[in-house]
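Shown next, in structure tokens, is the structure this report addresses.
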Amino acid sequence: MNGNGIERVGRIQLRVHDFEQSVDYYSNILGLDVTGQDDNRVYLKAWDEWDHHSVILEKSDYSGMDHIAFKVTNHDVLDKLERKIEQFGCDVKRVSNQSRLGEGEAIRFILPTGHTFELYHEIDYVGVPTGRLNPHPWPDGLRGIAPHRLDHALLAGDDVDTTMRLFTEILGFVQTERVVSVDSEQLIASFLSTSMTGHDIAFIKGPNAKLHHVGFYLGNWYEVLKAADILARNGIEIEVTPTRHGITRGETIYFFDPSGNRNEVCTGGYAVYSDFPTITWTEDKLGQGIFYHRRQLNETFSSVFS
Amino acid sequence: MNGNGIERVGRIQLRVHDFEQSVDYYSNILGLDVTGQDDNRVYLKAWDEWDHHSVILEKSDYSGMDHIAFKVTNHDVLDKLERKIEQFGCDVKRVSNQSRLGEGEAIRFILPTGHTFELYHEIDYVGVPTGRLNPHPWPDGLRGIAPHRLDHALLAGDDVDTTMRLFTEILGFVQTERVVSVDSEQLIASFLSTSMTGHDIAFIKGPNAKLHHVGFYLGNWYEVLKAADILARNGIEIEVTPTRHGITRGETIYFFDPSGNRNEVCTGGYAVYSDFPTITWTEDKLGQGIFYHRRQLNETFSSVFS
Amino acid sequence: MNGNGIERVGRIQLRVHDFEQSVDYYSNILGLDVTGQDDNRVYLKAWDEWDHHSVILEKSDYSGMDHIAFKVTNHDVLDKLERKIEQFGCDVKRVSNQSRLGEGEAIRFILPTGHTFELYHEIDYVGVPTGRLNPHPWPDGLRGIAPHRLDHALLAGDDVDTTMRLFTEILGFVQTERVVSVDSEQLIASFLSTSMTGHDIAFIKGPNAKLHHVGFYLGNWYEVLKAADILARNGIEIEVTPTRHGITRGETIYFFDPSGNRNEVCTGGYAVYSDFPTITWTEDKLGQGIFYHRRQLNETFSSVFS
Amino acid sequence: MNGNGIERVGRIQLRVHDFEQSVDYYSNILGLDVTGQDDNRVYLKAWDEWDHHSVILEKSDYSGMDHIAFKVTNHDVLDKLERKIEQFGCDVKRVSNQSRLGEGEAIRFILPTGHTFELYHEIDYVGVPTGRLNPHPWPDGLRGIAPHRLDHALLAGDDVDTTMRLFTEILGFVQTERVVSVDSEQLIASFLSTSMTGHDIAFIKGPNAKLHHVGFYLGNWYEVLKAADILARNGIEIEVTPTRHGITRGETIYFFDPSGNRNEVCTGGYAVYSDFPTITWTEDKLGQGIFYHRRQLNETFSSVFS
């Protein structure tokens, strides 16, 4: 967590229009576990997460992200941050207890980039299949890609600058990396960490309120290969085949869920602490910042959002 | 960092009696970079650390650990923790600015296990060889094992219980895993994290004020194999050949520096947050907790400290 | 194959006294596929082998190896080699068609080390689960360790010298590596290849007609780790945890089937051709030749045979 | 080797127009060792090859392949194959001893696809840096990508059918995989092995006498990542970033030398023997046959030859 009590990216709610196909994809191909469902939502978690869910799929006519939420260390943090966020200029609302399955109260506000953002502390504890007593290192019976956990999301919007300030000044995130125009005057992308990983959330200049991708964590470069093999076997298009990022150094692949929400599974990277010295990429090197091996963006990666 | 402002394990000062041979070992075989030296000390850092040093080798007639120190997020944390630590019952001293190369002021106290422990904020910034502008993912010219960073230390002492309480209640660490007697009445070992890794420091019941090992972080299981190959090529005894821990799930090897201080290089493990549900190992399963594959301790591992 | 028409190690028949437990072990933990059974034998193959079987388990009051057999490139090779082997001094018998399930005729003789050895060409074709038309790179539904194929066996006996001459001069194998006494006068172990791998069969000085181990091939060092994890989870003792061989450079683990026959799963190594320059290990370096990281033999590895 | 005495792909002579830059590239970035040079040629070998050279760079105004040569098991094989090749309809010439550095006599003929092909037995022995007595598993001081050995070449030409027959019927190669038109009437590509790997040489329908790529062998998927990192760091374009082939199952990257000759480094794959059951790909699945993850060819890969 960071010094303001924000712990980690806790959940993302995705809109999916092919609901049954999407549930099948997220549970059998990506390999998350279904932990509950209500009217128009299914709740899932990765095998190495102990909270009730980290992904919510919502039946919708559209694709995209309904909201993203970060867990805070205790309930008082909500009160404290509520005031600071309002002072920063965002209108904050309370989401009441049990508005969604297994969840306690949350605070909700709109980011300068147009995304709905929540903070919460309470959520039901489910635990991991390996248990807490003399556990084995990994569970039997994993299905599909089986990422260890939700890792991060990259969101698009126009006002990356103000959003970056909200996250660093009010929410206490560290800006680990940033992309700037060659003259350094414009912030094009900002990578923000509240944990020890390269980014828990990131923002890139683009159409407001859009999702670029949601990322899940894998254990190593061989798991990245296996993930790509599983997608190929299942006929799922891999937008970006195994490669390394310059930004965050991570090893990665990108692909789409049945509704066109971009997914990433990734591993690697460096250790982040609150004194991490921000790394700067200039726009002329953005290609190798994103795809270190190919050193250029592909067309869909720059233009497709959900 | 944790909620009390403690960031990470910042440095360990090791006593070595074969001074020149030890400097050669730590710089050429383990593969740290020498960043400075004074009268009877040499300062080193791993390639992916940006502070001035994380390891200090001190010329001595003995082996063992002089002290271990954690970095805090700002100078005020020192004042605040100083009072709390004294209230807990430890006598706290100030270590003045520049007592060691590149270091600012620190506070120093003795743990219930007899080890000298410091907290500090100021230390010179050196940076990493890949730089902060459009960096490559890893530097040219690495030597030897070349771990990415100092990772943790395991210390022995009698009063593990009180020490665990000091770390969790006063210093804000999370107890990720613990080993207890079969009747659960005695705490035999405690693993404590202030970051997102399985442990930044750990304590095991044993002779007071002793070092069991200092651990450095590698990127993956192939780097563990390469590390073992490098040690074997250089005729350095590997106490524990490549294996997995049950505790922390890490992949690992153990070996000794020329003065008999045990080193580990390791990778893997899970993500820790402040709500991590402590994992319990019962003493009858300690063998597989420590060495998941062999499922028994070897003689030296249980009995040799420095 | 080699210039005398010997293709590969085709099968090994192992004696097991805990028959049902052994079938369960070989099919669910080691992860071979059962392809047939008759009175007191079960036939198995690894997933990436296309012949009917590579392992036969035989119900017995003893453990050990009944025989090992190499496949030759065509039936005429049997006639040609039969004469040469008899000239070398071994009594050769014909094993008639269908003596075992799926097998054609074989020739059988006793090696100078006392082991029963067969050569054959005909065996039923079963194929691999990925098929021969636009195949995926690996099949769904693998169980347990799931090695790709039978790789080699190490046999013990007294007369390693004559056996090595039989394999190199008559059968056309390449001696890739050998262990000799420090004065070079005695051959202690000989590694023999008829393919492109470090050894298809090897002999070590020891009690006659004994099996040291049978080895199966894995794809990489991560699969070695996973194999060790699977054994540990199933409570199966791992005699040698993940390490590297000096001899063959392979990455490996050793363990036992329920009847005490030693198994190995391994990967890595170099490419062998008929002009491979034999590598020599002197007995004083045998420890690092066998276990490159530990650089000494463990007690059971030197003394336990089946 | 195969039953006709052909051992392995022994050498490839490449034409390069940027001679000094090419020598620098092949020795420092690809990481081969220079073993000799004469008037307009430089000779190189990979670290784990013991013959004098496997790659010859020839100063030229053009790029492309001068010839490819396979080593046979003894000198008599040359005489025997010379007759058979002539009977097949190729004109065979003798290349005299020492026409090139370190080489003995060779026979030379033109393949139906227009490529110059040689067979030879004699070549100077150089050995590997790890030696033949109690060797370490890998040498110190490797530079660049440092593949273990020359692995294969893919050549383009019109008459793939006749060439395939020459290799299987006369030269004794196994056709491991083939690509056919959807109606199965036309052979589009043929993969041919004389060792235990998926292909030592392969042919694809295209412009006559052209080189598609020369492939070198790496040890594992992490070495593939490192190779791509090294190329990116050195500003060398990677045509195909890390991925898996459907054909051969190999893990791979493609890139170009300074003269535009395509290089591959690859690992993985299955074991080939003379009874390997040929795998068939239909042209409609060629995309996933070549690039299993992307499932479509990229434009340059299909059209650029040298």
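For clarity, chains are labelled A, B, C and D in written order, and residue numbers in each chain start from 1.
Everything that follows uses one rule, which is that contacts are C-beta pairs under 8 Å (C-beta built on N, C-alpha and C of every residue); 3 or more make two chains touch, one makes a residue touch a chain.
Owing to the predicted nature of the structure, the values given are computational and were not obtained by experimental measurement.
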Length of the shortest touching-chain route, chain B through to chain C: 1
Interface composition of copies chain A and chain B: same or different, split at half: same
Chain pair, B-D or A-D, that carries the greater number of C-beta contacts: A-D
For chain A paired with chain B, centre-to-centre distance based on mean C-alpha positions, whole Å: 31
Centroid distance [mean C-alpha coordinates] between chain D and chain B, Å: 48
Between chain A and chain D, centroid-to-centroid distance (C-alpha), Å: 44
Where chain C touches two or more other chains, by residue: 136-138, 220-222, 229, 232, 244, 288, 292
Sites on chain C touched by chain D in the complex: 1-3, 5, 7-8, 48, 50, 71, 73, 125, 127, 132-138, 148-149, 195-197, 217, 219-221, 244, 246, 249, 268, 270-271, 273-275, 277-282, 285, 288-289, 292
Touch list for chain D against partner chain B, complex: 136-138, 140, 220, 222, 229, 232-233
Residue numbers on chain A that touch chain D, as the complex places them: 221-222, 225, 228-229, 231-232, 237-238, 241-244, 251, 253, 288, 291-295
